[in-house]
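In what comes next, chain A is part of two complexes: it sits with chain B in the first one and with chain C in the second one.
Up next is the complex of A and B:
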């Protein structure tokens, strides 16, 4: 009897716990569900995340770990945000082929959609910085030029031709960089590059810099061949290799007609 | 009377009727210049300078040397509405809005680079052939002064556009002056008209760039050429050429035609560069702002050696009694160039003192015949080239993906190790080439025919070196030779006593000469072979006539 009542009490206890759990669960999904769904249609977003997770597991997890917490050689990716993923993958730096002083730019291994899926997956784990909506080159060209010369030219060179940093590190040339890569680089501050948060450079200022970089990268060289846009060094090389050499050959020609 | 002689006479006559200068004009038009391609290198510099004057005049019509701030409203969109100095604005105006402005600017800049490159090449020719020896030491000094003025002129021009690059250059120049003890700070105030960047600097540079320095260069060039005219040009040894004559073409018409034609060739090369290759795209650098700098900031190539020495110099400073002597800047950018240029100017006298050679020289040395001088020259070139490379080490590191720190350390080591190595190698190389000459003179050219003597000995038959080549080797008076006999016959090689004394250990050559040959040549040379203890500089002992050229 006693035993029976104890078992009955126990059973009813389970029922209460089950009921409470299901009520809380229902309530939670009722509260949390809609807020997650407001950003994107739940199905496409979750599909992208799923797809991104597949790419992550096959392409990235060897170094960054199955659970994104880092591991053999790769840092944790929790909270780095979509912006960082877009910079690293869209510039071809990730997946890394070998341990260099600095990740070199390579051929891009993923399509734009795949990169976005990967970014969505990383973004879904701990959040982080995302690229703003809309046209990333929607800035002011002149403002961009001034900001570029103040913030970027000291490493990337006046024309974005790149430059050397200490001990084998370098600021890459910018001609190949897409607007998304330039913007996300400023946001995420990869390698030796400083991070330009929205308090250092506003969204408009960053977009202006993107516009200026794309402008000079796409602009033709006025006044003849640009000589790599490295400045006086290549000009000096040209005057010796072309100028003086051609003229010395001419003196030989004239001298031979004595 | 040929047609050309008539032209000379008519011209002289026309001048004579008006100026009474027939004799002078006829003499001048008939003046003989020796023919050799290497004598035209200095001309490249001269013609570049003329082109610099022409293009520079055009640029000066539109350029405003003012730091007054204006807002740009020209054709270059990315700078529209940007605040900048009038100097930069007017340079942009020249580049984008003046008809022919950009190509004039580019030809002007390329001509500046060529001017200094040609000076350097010409200087090397003069050095390696010993053309600076008595009586031409003063002209050598003028040449070095022209080089220094060229550097100054180039730097001033580089600073005028007031773009980011030229402003950075002006800033480094400021730092260099500051490094001079005691007077540094005051000197910068004097030059810049106050604290950096001041408002006066550009006006002063402009006055220097378009008036003072070009005038000085023009004056020195005139003097340089008058001295060539008066002293006559040097020539290489060859048929009929002696210390007392000049063999070549007359000024009119052959030399004038060549020189005039060459001017247009130089102009053509510069115009092609100006039209096809961009130089100093100031619009990309942007207006100068003291808070900005670009990676890969470089001076033009001719200042590169100073930038290189600055980059290679370790960070040494001496602080005592509340004062700092910044050797890290002072040594590589003030003391080093000072020592180099003074040593360069004094080199003719240094060498003369070392060799005891006080004779006149109108015949040039072949570089191999003076191994020590050639070694010193090659060593200096190596030193200079390492500095220039170091001056661009960041761009080189970036382009070739080398560690820039490694490049700096390698540059420091190379600067100390490479020049002595180059000296030793060059000297040995020269001696080996001398041995080769000796071989040719004494044994002749290999004919490829092997003859077996009745005794069983094999001998190789040789063909005598053609007379023209013998004379070009500096042989005073070639003797009739019998090169078909295996035994070498002596030639007039007494001008090169070193070859007599040079050891035979490598088995390269064995100067054998009959006593009669030696004495005959000795008398024809009018000199005795001095045997001096300095085995290092034997060829410098070649003494010429102790009287000025007629």
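Up next is the complex of A and C:
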């Protein structure tokens, strides 16, 4: 009786363990199922980071250091975020070719995918600002114009033609800037440019500014030559130098004896 | 006198063909006879006669005879004449082409407002319009130069003065008028008038340095709309909260009063930098708040908006005359024509976390003026 009861207890113990194991197993599959499904993107993300690391070591580490902590002439890149990388590399400013007062815009050295890989690598080291997903020009054109004139036009000119700053520095013209570059410039505040956090200019407001900048850059110059879109300065110069000269020559021709 | 009357009466074709006989091209020339020089001699003497008839001194045209019309440039032969005519006609036809081109471009090229269209649309319109207007203009000028008589005409001035009778009559009327007032005879009237009119000279006396009483006691030029506790708002009217700006951020701010964003003397620039970067003068250190500083954004040189802020160097540049202010040391002038620092606005944060002014600017904003104090 005692024996059978112990064996019965033992059997029921096995049953409980089996049941518990099966429940845990089911639960594990249920929980681990989705994570197993996301394994594929995660590995491509880590592959992008690996690829970005290679680009970094060959193209950037000379100045910024092998461990991103900065070095001869280059600042530390820990925590600057993907946004800064996209601004610097997609506008061709990095890699820098020589020590300038200000990094000039150059031909872009990397493809879009390579830039994203580099950005993913930098982002994986200390985090930082990232660009929002989706279309960066998805904003309100009119709002963007008002915000541009309030916040940006004092340096970049009302038509985005850029302008001089102090001691040889300058605010670049914006016609060549891609939406990603414009957005990340506002977000990260490269070099002399002030930073505009999301509390100051919301994502929608930033996208509106991007849309406005692209709009004025893509709209053609009615009347032919834009003359740099600097307004009365260049237009007046052309009128006085070219226009008046032509008029004087015409007058001389009319007044000259045949 | 530019055209002698006798010339004006003659038909144009006749005038055009007026050339000295020695330059006539020969028997084939059918365009009228040679000109007689006497006609122009007569013109001179007629002018001379007219001048003497006026009885006034003036340029004696007989001493500077009008030069005879110059025919040397006119085409010497029929063939040359035709060539010159074709040149002019060609330019006129160019104008026709210009008009046609303009119309074709205007109606044929698709162009909608605001749409990126054909880059060459407006330049083409301009080129064709230049052809149209320039063709007519240049053709006319060339016509005058190649095919018309080249004559230098002298136009005499009219005498300037009125004639003696008129002058005498005017003088007499004036003298009579003075007599009629009675001033020459009435001594009292004359002297009291001189005294009264002379005393007028004392009227400007207050302007010679006694206007101090009317100096603006309200100090309108020295005060703005900023008051203690007034919030800092953006151009769209929203107040600025602590933490809205990141380090290296700037924001144009205005006083939260009625029409605050339209007050011309109140715009200011809120800047956030690392607190350790701030090296304000001792008396201004209380005016900053956790690395936030506010300066008047009106240049102390000539009043341009100073909003070009470099977040790395903390330089504030005035775009008009390149004055540079150092935002980290109290907007002191480090370059350029500005004579004094941008006035700083004292700020703090209210209970809800919004920035408020601690009072008005301590000194006048904008360009210096005489009694700024």
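Rule of thumb we're sticking to: the second predicted complex is superposed on the first by the 215 of 258 C-alpha atoms of A that agree within 3 Å, B and C clash if a C-alpha of one lies under 4 Å from a C-alpha of the other, contacts with A are read in each partner's own complex, and residues count from 1 in each chain.
Just so we're on the same page, contacts are C-beta pairs under 8 Å (C-beta built on N, C-alpha and C of every residue); 3 or more make two chains touch, one makes a residue touch a chain.
Given the structure is predicted, the values throughout are model-derived calculations rather than measurements.
Visitor: Please indicate which partner A:254 is in contact with in the superposed arrangement: first for chain B, second for chain C, both, or neither.
Guide: Both partners, chain B and chain C.
Visitor: Should A:155 be classified as contacting the first partner (chain B), the second (chain C), both, or neither?
Guide: both
Visitor: For A:197, select first, second, both or neither according to whether it touches chain B, chain C, the two together, or no partner.
Guide: Only chain C; A:197 stays clear of chain B.
Visitor: Quick check on the superposed pair: does A:20 touch chain B, chain C, both, or neither? Answer first, second, both or neither.
Guide: After superposition on chain A, A:20 lies in contact with neither partner.
Visitor: What is the contact status of A:220 with respect to chain B (first) and chain C (second): first, second, both, or neither?
Guide: second
Visitor: Tell me the contact category for A:189 with respect to chain B and chain C: first, second, both or neither.
Guide: Second partner only.
Visitor: Is A:168 contacted by the first partner chain B, the second partner chain C, both or neither?
Guide: The answer is first: A:168 touches chain B but not chain C.
Visitor: Please work out whether A:244 is in contact with chain B alone, chain C alone, both, or neither, and reply first, second, both or neither.
Guide: first
Visitor: Which touches a greater number of chain A residues, chain B or chain C?
Guide: B
Visitor: Indicate the residue numbers of chain A shared between its chain B interface and its chain C interface, in ascending order.
Guide: 146, 150, 154-155, 163-167, 171, 222-224, 254, 256-258
Visitor: Note which residues of chain A are touching chain B in the complex, please.
Guide: Of all residues in chain A, those touching chain B are 141-142, 144-146, 149-150, 153-159, 161-168, 170-171, 212, 215-216, 221-233, 235-240, 242-244, 246-248, 250-252, 254-258.
Visitor: Under the definition above, what is the set of chain A residues touching chain C in their complex?
Guide: On the chain A side, the touching residues are 146, 150-151, 154-155, 163-167, 169, 171, 189, 191-197, 199-200, 218-220, 222-224, 253-254, 256-258.
Visitor: Please name which positions on chain B make contact with chain A in the complex.
Guide: Touching chain A: residues 35-38, 40-41, 44, 77-82, 95-96, 102-103, 106, 109-110, 113-114, 117-118, 121, 164-165, 248-249, 258, 261-262, 265-266, 269-270, 273-281, 283-286, 289, 291-302, 304, 388, 392-399, 401-406 of chain B.
Visitor: Going by the contact rule set out above, which residues of chain C touch chain A in the complex?
Guide: Per the touch definition, chain C meets chain A at residues 70, 73, 114, 116-117, 119, 122-123, 126, 141, 145-146, 150, 234-236, 241, 243-252, 305, 307-313, 315, 317, 319, 322, 324, 335.
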